[in-house]
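Residue numbering begins at 1 within each chain, and the chains themselves are lettered A, B, C, D and E in the order written.
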Amino acid sequence: APATPKNDTGSGGGTSGTGGAAAGTGEYHGAYPYTQPPQGHFNIAGQPFVAVPNAIFPGPYGDLMNLPSGYYQWKANAWTLFLLDSYKLDKSTNTYTLKLKSGLKWADGTPLTSKDYLTTFYCQFALNSPLWALISKIDAPDDTTFTAVMKSPAMVVERYLLRSNIIDTKTYGKYADLAKAIVDAGADTSGADFTKLNSDLIGFKPSKLIPNGPFDYDYSTINATQLSLKKNTSSVLAEAVKFASILLYNGETPTVTPLVLSKDVDYATHGFAVASEKQFQAQGYKILRSPVYSGPAIYFSYDKVPEFADYRVRQALIQAFDHKQNGTVALGESGVPQTYYSGFSDNLVDTWITSDGKGKLKQYQHDPDAAAHGLEAAGWKKQGSGWQLPNGKKAAYELLYPSDYADWSGAAKDLADQMKSFGIPITLHGVVSTQITTPWQKGQYQWTINSWGNSTQPYPYFSFVTNFITNNYPGLKGVGGKGMDFPMSATMPGQGKIDINDMINKSGSGIDTAELQKNITELAIVFNTLLPIIPLFERHANAPALDGVRVAKFPDPNSDIVQNSLYADNPVLYGMFTGTIGPKA
Amino acid sequence: MAQATVETATLETSVDSGVRSVRGSSLLSQLTRSASGFAGLIIVVLIVAMSLIAPLVVPEAKPNVNQIWSGPSSRHWLGTNNSGQDIVTLILRGGRTVIFVGFGAALLTTAIAVVIGSLAAYFRGRFDAIMLQITDIVMTIPQIILLAVMGAFFELNSPFALAALIGVLSWPVLMRSIRAQVLSLKEREFVEAARLLDLGTLRIVFMEIVPNMASFILINFIIAITNATYALIGMYVLGLAPMSGDNWGIMINDAWISGAMFNPNSMLYILAPVAMIVIMQLGLIMLSRSLEEILNPRLRDR
Amino acid sequence: MTMAETTMTAAKSDVNTETPILSVKDLVVRYTTGSKSYLDAVRGVSFDLYPGQSLALVGESGCGKTTLGLGLLRLLPRLGSVPSGSMTFVGKNNKPVDVLKLGTAALRRWRWEEAAIVFQGAMNSFNPVLRIGEQMADTMKAHLIDGHKPSKDEILDKSAEMLRAVRLEPKQVLPSYPHELSGGMRQRVLIAMSLLLDPRLLILDEPTTALDILTQRAIVDVLGELRERLGFTMIFITHDLALAAELADRVATMYAGRIIETGSVRDTFQNPRHPYTAGLINAVPPVTGDLPNLASIPGSPPSLATLPKGCAFRDRCSYAEDKCAEIDPELEMIESRLAGLSHTAACINWQQVHSPREVVTADA
Amino acid sequence: MPDPISSDPKSSDRPSSDRQTPLMELSGISQIFKTKRGDRPAVRDVNLTVNAGEVLCLVGESGCGKTTTARMAAGLTKPTDGTVAYNGQDIWSMDKDQFTEFRTSVQYVHQDPYASLNPIRSVYKTISAPLRKHGLSKGNDDSWKQASELLRRVDLTPPESYLSKFPHQMSGGQRQRVAVARALSLNPKLIIADESTSMLDVSIRVGMLNMLGRLRDELGVGFIFITHDLAIAKYFGWEGRTAVMYLGEVVEYGPTQQVINDPQHPYTRALLNAVPEPDPDLAAQKLPGGGLRSADIPSLAALPSGCTFHPRCPLFEEGLCDVTSPELSLIGSRREVACHVVARESGRAAADASVSVSG
Amino acid sequence: MAAIEAGVRGRPATGAVPILKKVWRNYALRRFLRAIFVIWVVATAVFFLVRLLPGNPVEQYIQVQVSQYGATYADAQRSAQAYFNFDPGTPLIQQYFVYLWGLCRLDLGMSIGNRGMAVSTLIAQYLPWTLFSVGIGVGIAIIIGLILGMIMAYRRGGAIDHAVTAIGSFLHAIPNYLLAMIIVVIGGARFGLFDIATMRGTASPGVTFKAYGLAFFPDIFYHASMPILTYVLTTVGTWSLVMKSSTTQVLEEDYVTVARARGLRDLRIRTNYVGRNAILPLVSQIATTAGFVVGGAIFVEQTFKYDGIGTLLYTALQGRDYTVLEGILLIVTVTVVFANLIADLVYSLLDPRIRTTESGD
């Protein structure tokens, strides 16, 4: 269901639990990896969808400087608007109309108007945003109105429009003008002028950033290890956010973990190891397990292991091992077995699967006997402690996995253990993540572990793209490999030939909810039956959050907002913007 | 001269043992010369024996999801790992490859360094120049990159291949030290004497000159074992070696990436295999005390 | 034979009444050779050395001369030890010290300032990486000269002086590295170095074996001269009896770790009272005159490790009798004179031992 | 002492042609060391020969180039000029086999036994190594026996107590004898002995010299015998020749008997004069400084002009000796001397003074 | 004496050596040319190895775009090419010659992964910190190690020997990244011995030399202290063990006994007689650590978030930033090669015996 426009931004809101602290004192300590200067720069055009790499715009915390129009509540399917009064979709003209709040200001005092929205989205055009494949025209009829016309309607357009961080015309206007000219001339991105614009914008390195959000960089503090954010009082949310300053530690998991252990960090979104997590808990952190809406899955290179081309084999295999154990070994409580195997997160099933469709999704339970029967039905033979393929060979495989991902390698190890006791010996072959893309693309593996689902978009379409296309030949055209080489026109048992490509497109286009639900359900059943990849489990975050040291209270781990995707509409940031998370008294 | 009789008695045994040692028997009695050397021998033998035998007698550690990172207890002395396996079992079973690769690579490294280093110094001239050149090149070629590329093109499955690869890459530093020492040793007159007796170049280099650096070579050999062991672990980290089976290196890598350092209950998972390597190195170094004395008679003090 | 006759090198006849500069009593030096075995390379040696005296220590190869020299300076290798005996030394300040009891610091200063040693085998006596000049300077800088630290010039002057004294050209030698010098040159540098601090006692362990005769002569002259000037006492270890005759006024003959005869040069050479000494003298080839048939002492020296009971020389001795297998004779006074000038021998048959000349004629 | 000669396998097949070509011939050899501080001509234009069964004694002052000459003769260093011929063949143009043959038949005993023994090898290992390498011994026991035998030859008895010793456990003389024993192990045809008896006491030295003398007489082993002890040169080289070197050049060369009993070159005379006397009475009569004008040896880096000996020479004649350097010239029938004054004198007395030499 | 100075009676040197030959004979020059050759070979090898690494920057960027933002491959590829300013399709050999030509002009090129950044700027930014921390750490470790090694050799078999051997080999056998982690986790987080939050990095926020003057130095020492401690602890054991064995050999030399006989002060004997000779075989080993000083310790720097060249190397490796990788590795190569060169020269200074043979043949 599309989000219903909402007016309250939280800032208008009465008293929040932590309202006691004046906007002048508390400091919040977060951690997020960013590229430090001199490589790091302040060109934030395209955030977050087509961002220029290496911008110092630290993930969710970047939203503190340059607000998007709003945040999405993943569980409630609703937008919380920051910069807008309202937005609406005119289905007949396929036009979105965004109404800006009045009196919005940039930190330098200039008013924030719909012009800046134009700048934002023209710049996205200049950066090759997929948005522009779906819209044909944007306009600003007046200072507080922004419109976008879709050429091929899709639900995701709404998200692109509302979730993009708004950038200022003063800084980016010249690029937006150039982009506008190209759009007006027919949006041709193959011309030389586009290429030049694209390159120029990418190469653009403004020395400073003009924020519209409640915080601004404290530039003198930015170094390789940390940066501080200071209050931008002119922001619309300046009052709502109760922290006076924000300190962000730079670093990946290993360097941030000690900081968490020493309670220097209030909340961190890194993927922490189970061992660390346990220790955090021992020290009084609570763990916010926001779903990541994706997880690891077994991929087969059907070229290399044709015996898995038979879907019955895959259906057998998915029952052959204990997904819960696998998830627990990899991620502790954050590795949750899937129930529906719909191809996307169980958290989205209620939203996108029709009620009768849900019943058609097989809930593959751990059942080695059933698995054995399944294999035998497919012509495999149990021989001693191992399995014999229909062609007489022994079943034994090599599993390629990214060795530096703690959870995935844990999962790989456990999978190998479990498969071994099931009778299929697995040789583990770990490769660092930077080197693994090549074999993935070229299909140089027998089994591998790669991800299913999509953690930045709440639409199943993107998950299906990941599952069927990204690592398969259609997605890899031009790259020179065939990936897993799963046939896109497959035979569904009892249904005959299907065109998966077509089904995926259908699952993403259109704005009719019911229609979409139908299409998505169909495709989910296809995924559930054919299992082109075998999801191991669904990953949840294990973000430690420390109440009572600097922050009064983080949301309850069970609260709905924690269901928000960590990296897309972070629940803690949401809490800050809405004033529910504030400094300790 | 009341001492005379005593002397004769004891001195006879001394001659006797001297003769025996000269004729190369009773290595053991020489190894037990010093107490700490003997202790080292025992440590090394125990660890090697354990690593060889344990995989045959100790059953594999069973994963147990309910026991993840359980910390030391009476059932699991060193606790359990991220899949609930008993760490003691893993330690017992996991020495073989590591020790093999460590010794193998160190042996190869030391052998290459000694052979090339001493021959280059002995012959000087073009051979030396070429060898130095090669040494400089091997020494400076960035190994991580080389290994990454190697790992991408070859399957480094067998411990032999691993040992060979590590061994082949790590000799240059020692080679240069050896070369430098041989440069001055070969000017000694006893080398000249050996040349006069036409003992043969190889014999002169390896039997006359090289043993004079024995203790230096020995300590470097031991250091090379540890270095090779960690190079192996580095290869696991880089994902260049297959991660199958129980093996201290895999344990360390596994523990490292699964953040075992951060939790007192899990710390043992990384500390235990490191401790094994430490203990083995300690044992070797203690043992080297005795070996040095065997190789360098001037050091014997009893 | 009068007292006057026994002193032919200058400046020492008047010293006999003084206390000995070095008094060694029953010194034993032991080498550990195995976990339970050892050998005594010096077996109960006693002697007194008077100021200004020059004692030649002769004896066959391996009899413990070097060991004794090392022991006197407490420089034994790691496996060497002094299980018993005492060494009393009277230094420049005329106070007797027990050398075996000197502390580390005192011992360090004592060495080279009071007693210096020139080693056999000068090849390895120098640090290969330092220039000769630096090594000489090192030696001086480590000690006080007349109570003060020597200045650069003093060091240079003194080094040059000593090098010239051993017939070396300082300008050439000082900046040289040890390996650039011939064996003989190194040996001389070592001698020069030993004299840098005007030690009271100088131990020279075969200092001229590697030297040619001219240099040897020069050194003999220099040593004599310096001895006259500085009045140091000398222990001169050699197997070259001729040299001993020239340089020493007393000779002590060692055999298998013991001193078996002491006496003035003249007494020893003209009237040896131990068959071994007699045999040695007999083996010296003369440079003038016709070529004699020289005979070595029959048999071979015993191994110190397996010394039988009784006199160590008896197997090779033409005067040996049954009794010799029983007793290891002590030094016996043959002619008693003033302290330090007497003639002693450790042979029960000393009376029958012929003079060397007679031996030669008997052989011929 | 057991007879060492009878067991020599090589004695029978010694080519008889040895008698014609000298065993070793050094022709015009020079050695110039290049150092940072300039060239050092340690040996210049030396011509010497050794025949089988003959002893050539090299005497001279320290640093005069004896060792350097001997090292060239042994093929240890290549002369910078001139040729070294063994059995008539230039050793530096030999093929591999010939050179191997040369190597094993010419042995060199180093001056310093402290450095010439490998500190980590026991005596047994030191001596048995060449035996094993050249197949002269069969098995361990045989090596053991032969090594014992060699030690006995050099008077290290009982051999058992020395075989297991290491160099640092032995006295200087004992080491020197081990070095000699090692050189003997290959039954060499030419032994170059560099001060090889200097560290031995007189008695053992005489024993050794006698032993070496037997090798010379009975097996025809040639010797280059370096010593500074003229008495030893005289004793051992009585029937051979002696070359007196000074600052890298041979200044007097002839039959030992003549050179030592009737020295001509003022330097040789000085040397003889300096020989210490065992008799205290005789010793007292020596001339101080050997009768030389100066005891200083000039530096090789700055050699005196003319005759290099002139600054020290008692016969020095200004305008002659410091201008031209004398060549070796025949004095009498078999002796060469490099001295202007002596050559002139002997030329004058050539008619009446012809020394007959018994050979 | 006058006679000696009177004149040199040398014979004229044999034939004039052609000037080229003379130049070639020049040892230092010859070594220099060889060093250049080695650098060229290694630079070439590095170039090709780096390009042979699986994956390339474009591919990686695309992967992220596609998997995270749902871009199509085609789109991602286009923006990647625009961003990276690098075409993986250019023939390798052509790229190589461009690279070589750049090298000849001492131009390391532009970073691929960071638009508009010159490789040399990046290196200049990161390298000094590594030089500073690793240099000091290794320096301290070498000094302490050598001293400890000597003490051990002197007291062979004594308590110190046993203790230092045990501790030294213990430390040597612990990988540096683990030790760094132990310091951080146990020392910092658990026992709070120091404040890991403020110690991270190379300097405190905003602290620069320009702004703070001399007060800058205490700050950077404060920040470098833990990395330095790690380097010292992990390498000191090795040095002490190696030095011990080398010293043991020297202690047996006669000249040491003679030096004692000469009554030299112990210190003098230890430094100039024993130490100097014992260090000889270690010279080249010390030289090779120069490469380490430049290359940094990747994992240690990461653990302490100390942004030295190791960090840059790591990110360049992760992002397949070819030019940066090549630049860093070239610097390492040049350093190692020249350190070796210097080691050889130093060696011949320290050991005069080598020098003579060098010029002798």
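The definition used in the following text is that a residue touches a chain if its C-beta (ideal position, glycine included) is under 8 Å from a C-beta of that chain, and two chains touch if they have at least 3 such contacts.
Here the structure is a predicted model, which means the values were calculated and not measured.
Any chain touching subunit B that also touches subunit C appears here: D, E. Using mean Cα coordinates as chain centres, the one most removed from subunit C is A. We define each chain's centre as the mean of its Cα atoms; on that basis subunit A and subunit B are separated by 48 Å.
Subunit E has its Cα centroid 53 Å from the Cα centroid of subunit D.
Remark: subunit A and subunit C have CA centroids separated by 93 Å (rounded to whole angstrom). Taking each chain's centre as the mean of its C-alpha atoms, subunit A lies 42 Å from subunit E.
Shown for subunit D are the residues that touch two or more other chains, namely 35, 112, 114-115, 119, 161, 168, 296, 298-299, 301. In subunit B, the residues touching two or more other chains are 15, 18, 148, 152, 184, 187, 212, 262, 296, 298, 301.
Under the contact definition stated at the top, the residues of subunit A that touch 2 or more other chains are 254, 258, 261, 435, 438. Here subunit A touches subunit E in the complex through residues 36, 38-39, 48-50, 52-54, 127-128, 130, 189, 195, 198-199, 202-203, 205, 220-228, 249-252, 254-255, 258-259, 261-262, 264, 434-435, 437-439, 441, 451, 454-457, 462, 465-466, 470, 475-479, going by the rule given at the top. Listing the residues of subunit D that touch subunit C in their complex gives 35, 37, 59-64, 67, 111-115, 155-158, 161-162, 168-174, 176-177, 195, 198-207, 210, 228-232, 234-235, 238, 260, 270-272, 274-280, 283-284, 286, 288-290, 292, 295-299, 301.
Those residues of subunit E that touch subunit A in the shared complex are 53-55, 59-63, 65-75, 77-79, 82-83, 85, 111, 113-117, 121-122, 125, 181, 184-185, 188-190, 192, 196-197, 200-203, 205-206, 302-305, 307, 311, 317-320. Those residues of subunit B whose C-beta lies close enough to touch subunit A in the complex are 63, 65, 68-69, 82-84, 148, 151-152, 236-239, 242-244, 253-254, 257-260, 262-266.
On the side of subunit E, the complex with subunit C involves touching residues 1, 4, 253-255, 257-266, 268, 272-273, 276-277, 280, 350-353, 356.
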